[in-house]
Every structure is written in structure tokens, then in C-alpha cells.
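Chain lettering (A, B, C, D, E and F) follows the sequence in which the chains are written, and residue indices restart at 1 in each chain.
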Amino acid sequence: MYRHTRELQFTAKPEKPDALFAAKFQEILGGQFGEMTVMMQYLFQGWNCRVPGKYKDMIMDIGAEEISHVEMLTVMLARLLEGAPGEATDKAAAANPALAAVLGGQNVQHAIVSGGGARPTDSLGNPWNAGYIAASGNLLTDFRSNVAAEAQSRLMTSRIANMTDDRGVKEMLAFNLARDTYHQQQWLLGIQMLAEDGFTETQIERSNGDWENHDAAHVFYTSTNGSAAGEGLWATGNSLVDGEPFRTEELRPLTDDDGTLPAPDPLQFVTYDGNAGPGKPGTGAGAHGQGAQNVVTKVKDALTGDDS
Amino acid sequence: MYRHTRELQFTAKPEKPDALFAAKFQEILGGQFGEMTVMMQYLFQGWNCRVPGKYKDMIMDIGAEEISHVEMLTVMLARLLEGAPGEATDKAAAANPALAAVLGGQNVQHAIVSGGGARPTDSLGNPWNAGYIAASGNLLTDFRSNVAAEAQSRLMTSRIANMTDDRGVKEMLAFNLARDTYHQQQWLLGIQMLAEDGFTETQIERSNGDWENHDAAHVFYTSTNGSAAGEGLWATGNSLVDGEPFRTEELRPLTDDDGTLPAPDPLQFVTYDGNAGPGKPGTGAGAHGQGAQNVVTKVKDALTGDDS
Amino acid sequence: MYRHTRELQFTAKPEKPDALFAAKFQEILGGQFGEMTVMMQYLFQGWNCRVPGKYKDMIMDIGAEEISHVEMLTVMLARLLEGAPGEATDKAAAANPALAAVLGGQNVQHAIVSGGGARPTDSLGNPWNAGYIAASGNLLTDFRSNVAAEAQSRLMTSRIANMTDDRGVKEMLAFNLARDTYHQQQWLLGIQMLAEDGFTETQIERSNGDWENHDAAHVFYTSTNGSAAGEGLWATGNSLVDGEPFRTEELRPLTDDDGTLPAPDPLQFVTYDGNAGPGKPGTGAGAHGQGAQNVVTKVKDALTGDDS
Amino acid sequence: MYRHTRELQFTAKPEKPDALFAAKFQEILGGQFGEMTVMMQYLFQGWNCRVPGKYKDMIMDIGAEEISHVEMLTVMLARLLEGAPGEATDKAAAANPALAAVLGGQNVQHAIVSGGGARPTDSLGNPWNAGYIAASGNLLTDFRSNVAAEAQSRLMTSRIANMTDDRGVKEMLAFNLARDTYHQQQWLLGIQMLAEDGFTETQIERSNGDWENHDAAHVFYTSTNGSAAGEGLWATGNSLVDGEPFRTEELRPLTDDDGTLPAPDPLQFVTYDGNAGPGKPGTGAGAHGQGAQNVVTKVKDALTGDDS
Amino acid sequence: MYRHTRELQFTAKPEKPDALFAAKFQEILGGQFGEMTVMMQYLFQGWNCRVPGKYKDMIMDIGAEEISHVEMLTVMLARLLEGAPGEATDKAAAANPALAAVLGGQNVQHAIVSGGGARPTDSLGNPWNAGYIAASGNLLTDFRSNVAAEAQSRLMTSRIANMTDDRGVKEMLAFNLARDTYHQQQWLLGIQMLAEDGFTETQIERSNGDWENHDAAHVFYTSTNGSAAGEGLWATGNSLVDGEPFRTEELRPLTDDDGTLPAPDPLQFVTYDGNAGPGKPGTGAGAHGQGAQNVVTKVKDALTGDDS
Amino acid sequence: MYRHTRELQFTAKPEKPDALFAAKFQEILGGQFGEMTVMMQYLFQGWNCRVPGKYKDMIMDIGAEEISHVEMLTVMLARLLEGAPGEATDKAAAANPALAAVLGGQNVQHAIVSGGGARPTDSLGNPWNAGYIAASGNLLTDFRSNVAAEAQSRLMTSRIANMTDDRGVKEMLAFNLARDTYHQQQWLLGIQMLAEDGFTETQIERSNGDWENHDAAHVFYTSTNGSAAGEGLWATGNSLVDGEPFRTEELRPLTDDDGTLPAPDPLQFVTYDGNAGPGKPGTGAGAHGQGAQNVVTKVKDALTGDDS
């Protein structure tokens, strides 16, 4: 369960309003790598976590902190938008002409839709959507996503911080940058602990690793003429999984399969030249019928108790 | 520039068609963590890369390979959909009754929209969109995203692999799993090289690190009652950046700022009780006018050569 | 700021797992009218609220409760998905044949993407997006949206409740239904208080009401042959704003303006027959140049101090 | 069926073109609360309405009017965009320098994509999508959504109206504002009639109200320190449903359920520590198999005529 | 302006309800190539059309017809959904076991969200969005899009028609198929008339054709090994624009430009190795400053009347 | 399989950076009709093509060329963004004041998200999505979509070309325009060959044409008062399918079906007045139960071998 406390986690007071900066600031609130993303990502990872104890508790703890960060950013935004202009353009330009020059950079939805409040969107107005987050139930892969999310988020925050010299904004962003620095390490150390606790051997996702193609796990394929990529550790080093050396190969077909496709169902009116058989209307060109028949047979057998 | 070769990179032949499995298989083609995502992610990272040499070449090389992977998956899908049913439901059910039981699990857009071909969507029909990819111009953060993408992609591939026992499908997936194993390492070793080459000191994104809040970079905040999160290395260990110890603190406000907001522009008809000043229509409540005035003054000064 | 408490707000224990019901259940978590929507709607409304006191506090309070509701739903979902099938379809069908019949109705992303956890999507897999929420800064209009959101949300919850007879699920839904009943009233009473407090006179949004078209505010327009709509209070009653009677009129043009459009800029290659003048390349067909010129003149005058 | 009449419902003639205002104007055409939303919302509600007579006819009548409103807005937009600039930026700036200052605020898709025509998007270019509309088949909940849609739409229209002093634009908006005033009342009176006609008792959505949690329907939960929310009618008043008094309680867990999750299917590779049992591959951890078995047994019994 | 008539354009009565077919049927209502798409496409093209007379009138006429088609489809859908199941799954399965087998194929939003009404989505639940439509202001290119839209729409309709043998459904679809046949011709003949009327010379979009790369307009580039593409008229025929012969060439770089990128702004923290110059913080690496300076100089000159 | 070559297909060097033009340029990269769209459209059409030989090879060849075009555009964009500003706004304005005037028109995600690289979005920041592409398996309808895509793409390219006079940009666009000219013809000639090869008789999509409504395939319906649409060939000409003359008719209902809907399932709480029968809870209003019963009976009969 969640409780609200009136005070913010950290002060969110700009020295003065700045509607132009507010437009850019939206990116770290509601963008692909904004705070809404890490908030929702950690909440879903925590709620779905099936390992009680330090991992689940840690994710739940940071989830609550991230809600608090989103709150801080929205308050900062609303304060940056103090008195953002809703006047008739012409009147405004007459009384305060340089306004015309800056109006172009304002986020018009701040004026029209939210009435001077934060918007749940990125800096170009794309509504935040859940296609930004990862929550797979597998802590190793999710922690990898979390490191990436914090690193990208921190980079965007740094870029935006360089676009203002408002001391109030920068003081808050100095806090946010620090949290992103810390959180990157939190997830990296989390991966280290997953290994120590036996949830992963190599810190590499390797489910079904016993039957993966062993050879293909040790090759760097290149096709660019004059590529220098072979100089990298990924080509000259050894596997982090089994210690065997990597090698470089020219990217080339490992098969003579040229992707020729079989007959479609004639009732789908797919363009087809008959090369894979008759495909008469109504016959289903045989193949899927067979696939379905397999299931049919099994269902029937099971229902009648016939195990043959 | 890119050239096409008729043969696939690897064989993509299922033993037999299976429209139900094809519906699930879409997830690793056009899903958030599917092959379209890594293909587009690496292409954009490579095209935007401003460091010539081994990094750019490596990203370009893998970009070409990933287009080839997407091709393999689409061919596999079209073959799984051979003869997928387009018949009248009732007639089909009469001639082949168990069809009724399995029709529910089919992706109806395979029958209606693509005519038995691969769709650029995930397993539930969401069209692939570019909000899935990361390409920031910063190789450290992008390589972090790439590790995550390969790990999540490999996990989904493993889950789907367990949903079939078609040997043709599994042979191709054994190749894909191996590439994902390799590529995770490629990006991790890439990060190691970025450090060796001096592009990052700590493998942690730390731009503007000189003025971030030093204290906030060393604390784990907890609010869950009885949280065991303090047992983790993120609380008991030392910073990967400066070696200073981490510590755990109760999540609490570090400010008495309660997020109270200032006066809006009256012309936006925002509900407002006058607590922050008069806010008369046309006056813009003062604040933004000041913000705009700052820019105005500077523009005017610059144009008139007044540097005061 | 927000804090997490380990216990849920209300018990979320199904009697037994049910992957099919879980697929439907997603609608009230991540759908257009699901709990994620009211959670994010209230959070943004609260953070953006410029009236300190009972309204802002009330919105903040309910925001925290709604996060707790989303948490309850995700836990219920993960429990409904206990052991949801990730086996090879054919093997599963052989050992447990009726599985084949029900697999069709399962949400395949529960198996492939979230590994048996809740998804931030609706029942058909559409990712939740912020285009579902309203937060305008105007409490009257937002409270109207809130009544609607609670009503629609409650309706969906009722429909889903009728799709199970699991007593654990129903016990939790009985709590959610009650909260939706209560919250509808909360917003309606909030509107009543806004009127008592003088933030709205008529409970009807009427900004700029002094110059709206008075006549058009009292007519019901009809065009359907034999329409019975004239029998409603909206046609036979009196205005809630000024008490004047409503009337019914045939929907008909109130103008002879037939929507004929003027000349485009020739450089846009719009199909155009010259009917509105020459439209020569470079001249901009006159009009926009004039519009721009108006602004230009004003900016220039302002910068040079010329107020003529 | 629908017929087109050449004349508009109301005059849509701006005094002069204004590409900057046109960019903002898109919000009330194709935004979340724009006219496209109410048009599509009423059309779907009307077509899906299962009560013949005054309600269905009224919805159908307003649906036709809203198509006419969308038409008016598109014509206004195209006229505001008369001659909007498609020239080479540098040439334009040379001949007409202030153009440079205003180009920033123009919607570039007006120039590039629609060639000076209206776009089916909001003011920031988000394409209109059907996730904005509500049509549930339940008139009470839909009318609640309709009041909200008209109120929000009217608020946006007012805000935009204050951004211009073009008399032609304002004359049309005065008509639109009036219709929004009228339509808010239409839906409120519609709800009143639904009650009079016995389709709802309390004007509160209460399906399955007989078994909802009675206690939870009368409490306001608070968690914010020092919250003033308890002063509102929602805490001090009586239920609109049964007249019983509301009360305020501290938001606290009503359960000791801490959301611990059960065993996943091992084949999903979810991180799991075995706390809920063995979870051997292939056994499905028992639970879902039981759920599926329930259905299996019932299907089998039904097919064999065994009702035991 | 638009008026509604109570009767449909064509009968929309299925012989009997069929919730499974209704799920598929959504594709031709709210899918990428469904009737909502052509309806909105023609409405926007008509409203934006700047050529009064037969073209604009024709587009407006078909726009009204398409609204009527969307209405027909929604009515058909609601009738197909008559009594679609909202019961508790288990109870339903007990009383009517085969229901369990078919529930999987039902669109659960028909039951949960629309209450047995049509949904503004495709067959997999993607909400219709305006990114499906084209309205460019250029009639030649739009008519090309219209032919395509009608052809794709007709193909989907045919595929769906083959999935039922309900005579009522088929009778309506026979009407829709015919309209799609007719409308394809309408747009093709429209293109022919655009040529006769002098709006296009070659029926090929060729704006700025006077300076396009003449050579590149006559080559087919091939890179696939053993490609048979050179046998087509696009390689062996003559240009439809100037009658000159086409030819086939190997796809190869026409430049030695290898895409190397210049220095970024240092404040963006892009990974950069200094190969293109110093790129010191604050200097903007020179280049953009120059670009901006060009505009600055021009604005300043214009404002001061200096035309040098 | 695909291989990368270091050199671009064509030079992509602007004379100088121009961040404002770069913002607009995004439209032809990642917009609805940008190069990403044709690239992905041709790739999916090619991979899904079931006719080996010249058609499939041609589509595969152009697919590879389009990847190369996307690459050219991204390189051009990154070069246009050389040194695009990431400085503190105020400092920048002080040192270089006109920057303030142009900042409004910059794409802020170029600065914040991609660090001066191309974005996979349109000019207003909408992420590219697969809902833009067509790949139906039917070559006739896809070639129609391809002509449209090339025509629209070429028009946008022309419009954008007119917004710059940078000779480097124009030289590349002259190449792109020429390719779009050529490709329009390629698809038109492809349709001609499909007819010659017998894959289509009339170049009109006419699947199930034998039972379409013959009369409705020859009428133009009009409803606009005074419509001149009857003057077009679509009204005065003859069918391209069977040579029979077209005619014009008033748009009017061809039925007395007024769209009245039947009883809903009572458990869906749809507003319903009982006019179509009792609709008691639990009875499902009869209808769907019957529909389901049909399938049940057939499944049961098939499984028991009863064909009666």
C-alpha cells in the first residue's frame, strides 16, 4: 500500500518562471527515458517479483522513491509555467513584443490543455505509454534494463541541465543526477548479488543454454568493407561464458535456403503461381489442415482415453 | 549502402505448419524486445555514431546481421502459416471439427490482413513502433541499452522455444539464442573497451558529475516496513565511482517544500483561490511576463549592441 | 512524497489460478477505464492543483489510494497466473489435452513477456497511454471527467465480476465496486462544493460565457426523420444556466458559407484552379505574407520603441 | 444514413490568415477533447444504442451535428492557412525577415503533409485515435463521459479563443462555446430523464450493488499529513445512494496480505527462490494444471452427457 | 453540413448472432484498411480541397456515403453480438460446455468495454488512429492513395466474407464489395480526368521535375544474386514520363562519401573522438553557430533596414 | 541476407549545418510517407511474397535500395545537426542573441534525446510505427499502395526541398525525387505485367467478384445539393470491368432497416428497454446461446462421428 506525505522529497523551486525551458523539461518527466518510465518500470517489477526478501523489498523501495521524483518534476514544471501566457496573441505582442519571438518555442498544450500544469508527455507531446517499460519476471534481464534506463535518463537530465542556468532548477537536478548515478550502481550490484545468490551463473541471460548453437555463440560476423570491428574485444577476447576464444567471420549465408514460400490458402487471394502445389479453393492447400489435424487427433484421443 | 543476397543467413524451415505457434512467434519479430527492435536500434546507433573506427564499424556490422535475422523470422512465420485457414468457419467446422477449438488462438490478422505472411506487430497485434529503440549518440548509455535488449530478447526467445517441439523451429532458435548470448557479451566487452579507450572512467554515466549532489549519490532510501533491502550490496557495499561506502536511510522529505503552486494566468481558467496574488485577466499574474521580459531585454540589447 | 507499506490495502487472493480470467482482468488494470487511468489522472490533477486546502488534499489522498488499488490488481493478476503454461504446446496437449481448448483464450504476453506477471496493458494488449487521462487545471471540468472515469471503471468491473465465480476474486471486487460507488459521489459532491465556494456558478463550464452565442445555447438541433428526441428535457425543459426555455429546431445551415477555400501557396503543389487569384510562386498568394507582416511590424515597432 | 449539404452549419471565415494560430487551433479539432472526439463518441454511442426512442434519436441527432462542427473547424483551419509559407527559408527570410521569428511556431506538417489543410491531429501532431472515446452501451455512464467531454472541450475552446482577436474566428467560437454550454446541459438532463424512466435509481452507476462491500462505500481514506480533505461534503455529508453518513479514516491496510506471490511455471525462467514449492519443469507447479483440469472435466462431462 | 436519416443505406441483418465472426469483422470497420479509414480520408480530403466543382463535390459525396457504410457495419456488428456472453465463465461452461471452446476466439472488449456494441478498433483491438489516412491537398497523390485504400479494403472484405456462410452478412458484403469495385474505378477515372483537365501531365507526381536527377529517373538498381527482376517492364520498357528507355544497373555506391560525421556540441555528451576538430564546451564546435549567425545577420539587417 | 557497404548510395553533404531545416527534414525520414515507410513496406512485401521470380526479386532489390536511402537521410540529418546547440539558453542568448529567435523552431529531441543524430520520428516527433505500411500478400493491391506511397513521399520531398536553398541538400534531394519518379512507374508497370501474366484481369481488385452486387458496382451516389460530381467520368463513363455505363443516383436508403438493435446479455448492464424480449439475467437473451449451440453441436457430432 502507498501513503502520501505533503512535503516533497527534495525542493523543486526555480528562481523564476521559464515556459520555454518547461517545454524541454517535459522530456525527463514523460519521455521514453523520463521519470514516469522508471517509476512504472520499478512498480511493475516489484509487484510481479516472485522472490521475497532483499530483491523485492529493494525494488518496492525504489518504486516509492520514483513516484516521489515524478511528483517533484511536476511541481517544478508547474512553477516554471507560472503565469504562462494565455492572452490573445496580438494583444500580447502589442504590449510585450518580444513575446512573439519566444511563443514559438512554448509547448502549446501547456497553455491549452493543462492550464499551466505538467503534462504526462515527452517534450514533443507524445503521451507516455507503457511500451517504454520492461518487467519480465526475470530479475537478471530486468536489472539490465534498469541500468540502461537510469543511464539514458541521466544523460537526458544532463543535457537538459545544460540548457538553463536557473540555480533552483540546477539544485534539484543535481539531486536527480546523483540518484541516477547511485541507481545505476544499485542495479549493477544487484546483478552481482544475483550471481552470488545463484540466480545466474555468468551474468549473461542463458536460459536453454544447453541446446543453443555452440559455434554461433563465439563469432563476430562482419560485412562492411574495410571494417575495423575485428579490433575489438568482442572479436579478439574470450567468451565470458565458457572462456573459449571469439573469432571474426565474413557475414555469409550458412544455408542454401533462399526463403521460397509454400502455397497459401486460396481463399486468402494471395498472389501465388502454383509452384508449391495446386492450392485449390476449399482444400486449404493441405498443410494447415494437417497441422490442425494433429491437434484434433490429440484432443479426440485424450477425450476418449485413447493414448495410442 | 546495403545489398541483398538471396540465401538466408540460417535455415528457417519448420517441420510443419502451425498457425497457433505463429501467433506467439510474432512476439520475437515485432514485439517490444523483438528482432525489429534490435535491427532498428543498431541501424540508428550506427548511422548516428560520430566515432569512426572499430565502434562504428561493429555497430554497422551487427546492424546488417540483424536485418538478416528479421528476414529469417519472417520466412519462418510465412512457412508456419502455410495454408492457414481462410475458409468459412461453419463449413470448416463441419468438415474438420477440431478446427473450431483451435481457431480462437489464431492471429486473425494473419488470415485477414497479411494473407498468411508475417506481420510487423507483436503477438497481440500492436504495430511495432520506434518508441521501443534507443540511440542517444552516447555509446556508453546505448551499449547499456543494447545489453538489456539482447537479454530481454533472448528471454522471450527461450520462452517461445519452449512452446514448440518442432525440430526445424528449434534448430533456427538455437542459432538465434546463441547470437543473443554472443551479443550480450559483445556489448559488455564494448563497455570495457570504452573504458580502456578513455570514453568513460567508471562505466557509469556521470556527465556533469562534478556538480551532482555528492551525498545523494551514496544513499539507499527505504520506506517499506520491515524492508530487507538493506542487506544488499547497494546498501552495504562501496561506490563504484569513488569507493565511498553506501548507507541506508529512511525515505523522508529532505525539504519543507510542500509543492504549493503559484498563480496561473487568469485567461487559462485554471481553478485558483488567489492565495498567490491577484492574477487579473490580462496581467499574466506577473511572472511569465518577467520571464519573457528577460529574453526580450537580451535580444534587444544584442541587436542594438548594448552589452550592459 | 510517497511511502510504501508492505501490506496491501485489501486482500487479493483468488481461490485458484485462472489464466483465462486473468486475460480479461487486464482490462480493469491497464485499459482505457482501468485503475492505472484513475491513478495517473488523480496524481496529475493533484500535483497540478493550484488551490491549497481541501480540494488539493482530497485529490492527493485519493491518488495515493489509487496507487494502492493498482498494486492490489497486479497481485491478483500474478496469483491468477500461478503456473500459467509455458510448456511445449504439443507435449502439454498430449499430457493434458483440454489445455489445447483453452490456450486460445490466454493472453500470450502473460506467458512470453511478463513471465506470469501483470502487464501494463488492456485485455487486448494495448499498452496503457497517457492519452486516457484528463488534468486541465480546472477543477470543475476535471471533476466531471472523474465522475465519468469512476462510472465507466465501475461498469467494466461489474462486467468482469460476472465472468467468474471465484470467491476470492469477488471479495476483492466487492471492495473495488464499493470504492467506485463512493468515488462517483465524492466527485459529484466536490462539484457541489465548488459551487458553494464560488468556483463555479452553475456547475456548467461557462468561461467566456459573457460573449458566447446566446441563442445557440438554447436549441436542440435535429435532422433524423421522425426523431423522438424532442420529447426529452433537453428540448422541453429550461436552461440550467439562465432558466430560459429550450427549443427544437431542424438542423440546417445558419449561413450561406459553402466552405470554398482560398489560394494555397504555390510551392506546396496543392491542386488549385486559380479561382481565388493568381497564387504565383514566391508571392505566397498574398495572404500569409500579410499575416506575417502584421507580426513583423509590431515586433519592429516594439524594438524601436515606435508605438504608432 | 447520412447526407451532405453544401453550406456549413455556421460561418467559418477568419478576418485574415494566421498560420501560428492555426497550429494551436488543431487542439480543438483533433485533440483528446477536440470535436473529432465528440463526433466519433456520439456516432458510436448512437449506433450501439439498444433503446429505441428519444435517447437513441437524440444521440443520433447530435452525432450529425458534430460531423458538421468538425467540418466547420477544418474549413476555418484551411482558411487560416491561406498561403502559409512553403518558400525556401533563406529566400523568405531575405525578402521578409520577421518571417524567421515566427516560423518556429508554425505546425510544419501544415506545410509539408497537408499542403495548407487541416490535419487530423492535436496541436502537437499526435494523430487522433479512438482511445479517446467512450461508448459502453450503458447510457448513464456514457452520459457522464459526455458531460465531461463537452466541459473539457469547452474549456480548451475558451483558452484558444483568448489567443486571438480575429473577429471572424471569435464569431464562430462564440457559436461553438454556446453549443458546448447547451450540450453539457443536454447530457445532465439526459441523466435526470434516465432516472425518471427507471434506467437508474440514484444517477450513480451501481450494477451488482447488492453485493458490493457496504462499508467501503461510505469512507474517505486519507494519508496526507495534515490533510484538510476531511472538511469536504464527501467526508461530512451523506451517501447519495442510501443516505447513510460518510466518514473519514486513515488510509491503512485492511489485510495482512503482503502480496507474496506463488510459484511460476519453471519454463518461463522467472526468477524464483522455491519458497512456494518445487516448481519442476513440466509440472506447471501444479496450480494452473488444476485450473485447466476443471474446464477439461466439465467439457468432457458435457460431451459425454455425464452431469455428475 | 451533414444530416442523419433513420434508415440505413443497405440492410445489415445477419441470419443469427455470431460473436466469433464479430471479432474478425472488426477489421473492416476499424482496421488500417477499414471503412473508418476511407470515411475519414475522404472527409478530410473533401474539406481541404481547394478546387471547387466536380472533384470537390465528388469527394464530399463519397464522404457522406462512407459515413453511411461505417454505420451499416456497426449495426451489423451489434446484431452479430446479440446476447454475447457476459455470464460467469464456470457457470456458463457447466450449462453449455462447448462455450468454453469458443470463448477463446471472442473479442473480450465486446463483452467488457462496449457491452455488445461495435468497437472503433481493428480485429486485434488496436484503436483506429488518424495515422492511417492521407489528405495532402494534392489530388493526384490522394487519388492514388484512394485507389490503394479501396483495393486493400476490398481484399480484406473478401477474406472476411469467406469466413462466414451467413446469408445476411453475405448480402451486405456483396453490396460493400461492389462499392469497392466501383470506387477503385472512380479514383482511377478521376486521375484520368485530372490529366484531361491539365492538373497533371503524366499521371506521375513530378513536382520540381525540372531539376530532378534525370539519369536516376531511368534506372532499376539490383543487388540480389541471380535476380530475375531485370525481366520486368520496369527494366525493359520506356519511361512513362519522357519515353526514354529504362535500364538495369548493379546497386553500388555512386559516391565515396562514407557517412563520416562531424563534431557534435560537447554539451550533448555525445561520444566523440575529436577527429573533426576540438569541439570545446561552449563553442558549439563552430558550425551551428555559423548557421544561426546567418539567420541572425539577416534578421538584424532587415530590422535595421540594411539590405547589404 | 543483407550486407553493408561503407560508402553511401549517394552523397549526403549539406553546405552547412541547419538545425531548423533538420527539424522539418525528419518528415521524409520517419513520417507516415517517409523513407522508413517504403523501406519497411517493401521488405515485408518481399519477404512475404509467394511468387518466385521477377516480382519477388524486384521487391527484394528495391527493399535493399530503400534501406540505403534511409541511411542517406540519417547521415544528412546528423550533418545538418552538426554542433546543434546544447548550451544553457541564457548564456547562449547573451553571446549570440538571435539564437533565441530560432530556438523555437528546433526539434528539442535532436538536442535532448539523440544528441545531434537522426530520430526515427516524423517532423513533430511521432515515432514511426508499422501501422503506416501495407503488405497483404496480394501483389495487385500492394502495388497500388506502393504507387501511392511513392507519390505521397515524392510530394513531401518536393515541399521540403522548397524550404532550403542549400545546394548539398538539393543535390541529394534531386536524386531522391528522381527515384520516386522512377518507382511510381515501376509499380504502375508492375500492375501492367500482373495483368499480362494473368494475375489480374482488370487491374481492379475483384476477388469474389462473381457474387458481388452487380448493380451497386455501377452507380455514383450523390447527396450534396447542386453537386457537380455527375460531370466526371466516374458518372458519365463506362465500367473498366465490364464496359457497362455508370449512372448517378441520389444517395438514399435502399432498405427500410432502421438499425434497431436486439436484446443484449443482461449481465453486461447495457441500457435496454425490453423491446426485443425479456432478456433475463443468466438466460443470455437466448440468441448467443443459440449461436454457440450451433458450434457445440457440430463439434460434438464430429467427435462422435455423427454427420446427421
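Just so we're on the same page, a residue touches a chain if its C-beta (ideal position, glycine included) is under 8 Å from a C-beta of that chain, and two chains touch if they have at least 3 such contacts.
Please read these numbers as outputs of a predicted model, since none were measured by experiment.
Trainee: Which chains, if any, touch chain C and chain E both?
Mentor: Per touch definition, common to chain C and chain E: A, B, D, F.
Trainee: Same residues or different residues: which describes how chain A and chain D meet, taking over half shared numbers as same?
Mentor: Shared-number fraction below one half, so different.
Trainee: Report the inter-centroid distance (CA atoms only) between chain C and chain F in whole Å.
Mentor: Taking the average C-alpha coordinate of chain C and of chain F, the gap between them is 27 Å.
Trainee: Between chain E and chain F, what's the gap in Å when you average each chain's C-alpha atoms?
Mentor: For chain E versus chain F, the centre distance works out to 3 Å.
Trainee: If you average the CA atoms of chain D and of chain F, how many Å lie between those two points?
Mentor: 26
Trainee: For chain F, which residues are shared contacts with two or more other chains?
Mentor: If we look for residues of chain F contacting two or more partner chains, we find 1-9, 20, 32-33, 47-48, 50, 53, 55, 60-61, 64, 68, 71, 75, 78, 86-87, 90-91, 96-98, 100-105, 111, 113, 115-117, 121, 124-127, 129, 131, 136-138, 140, 155-156, 158-159, 162, 207, 223-224, 227, 251, 253, 259, 261-264, 267-270, 294-295, 299-300, 303.
Trainee: Which bits of chain A are touching chain E when the two form their complex?
Mentor: 155, 158-159, 162, 267-269
Trainee: Which residues of chain A touch chain F once you look at their complex with the stated criterion?
Mentor: 20-21, 23-24, 27, 31-33, 101-106, 122-126, 155-156, 159-160, 162-165, 223-227, 251-253, 259-264, 268-273, 275-276, 300, 303
Trainee: Mind pulling up the chain B residues that touch chain E in the complex?
Mentor: These residues of chain B touch chain E: 1-6, 47-53, 55, 86-91, 100-101, 103-105, 107-109, 111-113, 115, 121, 124-127, 136-140, 194, 199, 207, 303.
Trainee: Contact residues on chain A for chain C in the complex?
Mentor: Residues 1-9, 30, 40, 43-44, 47-48, 50, 60-61, 63-64, 67-68, 70-71, 74-75, 78, 90, 93-94, 96-98, 100-101, 113-118, 120-121, 127-131, 133, 135-138, 294-295, 298-299, 301-303 of chain A touch chain C in their complex.
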